[in-house]
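Here chain A shows up in two complexes: once beside chain B, once beside chain C.
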Partner chain A sequence: MPRLYPAFKYTVIALWACFVAGPFMWAATTSFKDANAVQGGATYLPWLQYEPTATGWRNIFGGSGGVDVLGPFLNSALVTVAASAISLVLGSLAAYGLSRFRYRAGFVKNSDIVFFFVSQRIMPPVVLVVPFFYLLQVAGLLDTVPGLVIVTVALLLPIAVWVMVDFFNGIPREIDEMAMLDGCNPLTAFTRAILPNSLPGLTVAAMFCAVFGWNDFFFAFRLTFTEIQTLPQAIVALNSSIPPWWTLSAAALFGISPLVLLAIWVERYLSKGNLSGAIR
Partner chain B sequence: MDIPRRYKSMFVLPGLITLVLIIIFPLLFTIRVSFSSWNVSSPQMDFVGVANYVTMLSDGRFWAGTLRLVLLAGGTVLIQYVLGFGLALLVWRNVLGRRLWRVLFLVPMMTTPVVMAAIWQTIFHESLGPVNDLLGRLGLEPVRWLTEAGPAVVALMTVEVWQWTPFMFLLMLAGLLSLPKEPFMAAAIDGAGAWRTFREVTFPLMAPVSVSAVIIRLIEASKLSDTVYVLTSGGPGSATESPGYYLYIRALKEQQTGYGGSLSLTYLILMIVTLTVVAALLARALKVKGDS
Partner chain C sequence: MARLDLADVGHSYVPDAAEERWALKPLRLTFEDARTYALVGPSGCGKSTLLGILSGLVTPSRGRVLFDGADVTDLPTKARNIAQVFQFPVIYRSMTVYDNLAFPLRCRRWDRARIDAKVRQVAEALDLGGRLRQQARRLTADDKQLISLGRGLVRDDVAALLMDEPLTTIDPQLKFTLRRKIREITEQFRPTVIYVTHDQYEAMSFAQELLVMDGGRVVQQGTPEQLFEAPSSTYVGWFIGSPPMNFLTVEHAREGLSLGGRPLAAAWDAPQVTARPQVGIRPEYVRIVTEPGANTFPARLRGVQDHGAQRVLEVDLAGQPVRAKVPREDGVPGVEEFLVHLPRTKILPYVDGRLATLP
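Right, the complex of A and B next:
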């Protein structure tokens, strides 16, 4: 058995790697096809099985009869960055308070407040989206970036609090106490002594915020229409018309590329052991 | 430490107030509207008592969707847990190309679910997709992946497993990397084999991480609807319809806001109750101290 184990191990790893990579390979190969190549049935190898063209890629970067992905890309980036930044600031402030001080309001204790924050993840977007629609309409924020940022904060703030509370719990209290002996008040102790030591935690929180912010579809789908479109929305709209697979594939690869780069970065943190303290 | 009150509130209140403002008003609106007959032809906040809730009781499509979600979420999360934990164990220690595998195994959770669902739709395409092409090469009959009930469920589960096993993998690997070394040395000195080490050391040590990872995934999986929308639109018939997607049809497409409101609240309460019970049961089964 011990001698068979490596063979088993690498077989499983290889199989899973193929499964994971499969859809990306398929999208990559499809993005270089034209109508004939797609209609001819499934083929995989450019030049050998079909003649590659760059039509799909030209279509998403302003080719005639194509779609605009750069505008939606900017909107997505703007919403993701703004909502993540707000969530990180509010989330780490709250998380630091909840990790260091004792709050009490009636029967509500610290753990209940943490639970309240984190439990908001349970809320299905579909439950909130109708009231959001009317609220944003009243505020004149429907179909605008600020409107979308506000509702996205509701998705991301719980994640930021969840990651940061555990992270701050792992930072020794002596650091705060030293800072306060040096004449800091709680706020400056936080900004001068704690935040500079919190980069790993903030990175993990930012990563989760970026993933869930960038990938959100439903709110953008129901709360923005013509003025503002996010990338997932634009790509799905491409799919609901009669899909030119090559354009869809190119747009999909373009849309997921920023976060795929993020995976490389996350792995570096994981290998350095920085994630373990921040997750759990 | 004696901290002045104003400092304490300075930290927590901004976040708390923001979240309450964003969430509470919509929730109150939903509660109120669920007792009204608000729909597309007469958008009004009247009061019809529990009429919507009575209608809901006999709404077979909603209940069937709820039952389907329980099976789908339970099934896919279990598969994700086994695969994610297994893969994390495989690339945890000495393995060639460790970092490459780790990055690759993380990638799907970073990709946009709706966008990948659109790609999966082409993969499962009956005549032009690669899945049936490969089946054909193996001499098997093509499967109507997205137009036949059974295969459509399999396709949906495949997509969910592909997308979210990486999340489980991430949490489990982070957990494994933070385990202390001593218990493993002790096991090695005792001459415990791989299986016994896993059963008596690794698994018990990983129990707290396991419980929170499974709960987090169950919470996210119970919201299933975007992938359904793009991959199958709930079809064929309503074979892959989840409550989230059904709600979307009723509340948004047909604009039955009042009825949609009552469905929303019921769905939310069912989810909270079920997940709380599951969390408690899991924690007890694995002897993890209560820690939400």
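Right, the complex of A and C next:
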């Protein structure tokens, strides 16, 4: 009987792995095919079943009939990095305040404020896009990188606040108290004593910010037109009435590559145990 | 280096709670300059709260805190110049051992040479001298606590040094030496020291004066000798001393008191109350004797605890349990029934759990 459990466990894991890896396999093989190979039914083995070509990959880097995704890639990177950085800074400051000080405005307490932040993400994005459009238009920031950064910060800040409040609540108050006894004010206590203890929390928050920021299609699609294009937009723009599957696959793989690298890096960091037991 | 006064200070963590439920009931206390105090009491009796109020980490619900007569109740922690060591190690993870120790001094803008001298002196005393350049987070828990302790000891101009069970997590072997080191270092600049501990031996060996707390109140303040010789309540008698004080219920007789039908002579007049009084006597003063005489009572052996150099005999005296702490050489009485002598001058009267006023 006890042997059956591991067998069962690994079967489930294997099935799940196939389910998760399947689409990537499909995209990876398709990105090296041409029109004929795609139409010829499902094939997976290069050279044996189909003749690999790099057309798809050439197309996304400015080859004929394709586009250059490098520009949109840089735009996406810029927006994601800037918005994540701003969200982390503002978010951890807000979270520190919410974790350590008590606010009260009528019946509104700390937990209500935290929920208010999170509730920004519960609302369907469609509700937000019209006000955003209007506000950016008033400020003259439609179709610009700064405009997109501001909107992305608004999307990422709730995540950063939420993750960091939870994290700071787990840091013993004695750490702040020690810093105050040593002669810090609340701000220096935060920068000197709390932040160096917060790498795990910041890493998790940064992960979330990067993923959500990088994957945003909807807001970029609605709030930019001709000047600025982010990567998800560029990939969608590749589509046409006859979908160029090979080019789309290459673009999709290229699009997720930064997140895959990030995941591998953070995973190594996690497995070294650096994210747990970090306080004492 | 200051006299600390608490004037009618009380604290409740829960707003609008009845005073009976406050973590610290309103009290009046003075900690004299350059004296060493130990705060003892069971878990949750308000020791840490009291320290927090002194250091400004807790704002009292009521009352004023005075340092050398100046009102500091509304001053933030930073402005009060207090050093405090917590029970668990708290360190700056991103700094080296040296920087951890120097940080409080840098925050106060001491000049570099003075910081260096002080850090090295304290590190040397705490046996951290060889590890000053190491990252503080790589040290063991014990050594981290040494850093915490060291940070409390580097500033020699503090108004007071508060220590909240600083050695609880430390290896017992090291405890003894560390206690001596703390004394050595504090001797040099003689701050007012308040030391919280669960360990009464630590309290007695470390402090000049003890404060026993219970349920948010200070139930007795005094020197170790006073607490040992004249506990103000049965609670203190029970809390201080090992084994705790014996309390025996006695009867009023025509001439004074009687215990188990035999007269009990004491150095005071029997308290004039209707309730049945109790008498207290420390196990250290209970004697096993062979000759009958005044204040000797027949007793029966119930058990023996070996405490190394001493033995604690648990005996039954007129139906009440009594412990006697006797030197090991005295041996255990060979017979089941023997005599116990309660020295007249060592018996104290208690009524309703409190020490009755001595004439």
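We adopt the following convention: the second predicted complex is superposed on the first by the 264 of 280 C-alpha atoms of A that agree within 3 Å, B and C clash if a C-alpha of one lies under 4 Å from a C-alpha of the other, contacts with A are read in each partner's own complex, and residues count from 1 in each chain.
Please note the rule applied: contacts are C-beta pairs under 8 Å (C-beta built on N, C-alpha and C of every residue); 3 or more make two chains touch, one makes a residue touch a chain.
Just so you know, these numbers come straight off a predicted model, no measurement behind them.
In the superposition on chain A, A:Pro131 makes contact with chain B only, not with chain C. In the superposed model, A:Thr191 makes contact with neither chain B nor chain C. Once chain A of one complex is fitted onto chain A of the other, the partner contacts of A:Thr11 are absent, as it touches neither chain B nor chain C.
Looking at the shared chain after the overlay, A:Gln39 reaches chain B, while chain C stays out of its contact range.
When the two complexes are overlaid on their common chain A, residue A:Glu177 makes contact with chain B and with chain C alike. In the superposed pair of complexes, A:Phe19 makes contact with chain B only, with no contact to chain C.
Once chain A of one complex is fitted onto chain A of the other, the partner contacts of A:Met123 are limited to chain B, with no touch recorded for chain C. Applying the stated contact rule after C-alpha superposition, one finds that A:Ile150 touches chain B and leaves chain C untouched. Shared contact residues of chain A, touching chain B in one structure and chain C in the other: 177, 180, 185, 280.
Taken together, the chain A residues at the contact with chain B in this complex read 2, 5, 9-10, 12-13, 16-17, 19-24, 26-27, 30, 38-39, 41-42, 44, 86, 90-91, 93-94, 96-98, 100-101, 103, 111, 113, 115-118, 120-132, 134-135, 150-151, 153-154, 157-158, 161, 176-177, 180, 185-187, 190, 211, 214-215, 217-218, 222, 231-232, 235-236, 238-239, 243, 245, 248-249, 251-252, 255-256, 259-260, 262-264, 266-267, 270-271, 273, 275-277, 279-280.
Against chain A, the residues of chain C that register as touching in their complex are 55, 57, 76-78, 82-84, 86, 88-90, 92-95, 103-104, 107-108, 141, 144, 148, 151. By the touch rule above, chain A contacts chain C in their complex via residues 172, 174-175, 177-178, 180-185, 188, 192-193, 196-197, 278, 280. Looking at the complex, you find that chain B touches chain A at residues 1, 3, 7-8, 10-12, 14-16, 18-19, 22-23, 25-27, 29-30, 33, 83, 86-87, 90-91, 95-96, 99, 101-116, 118-123, 127-130, 132-133, 162, 166, 170-171, 173-175, 177-178, 194, 208-209, 212, 219-220, 222-223, 225-226, 230, 244, 247-248, 251-252, 257, 260-261, 264-265, 267-268, 271-272, 275, 292.
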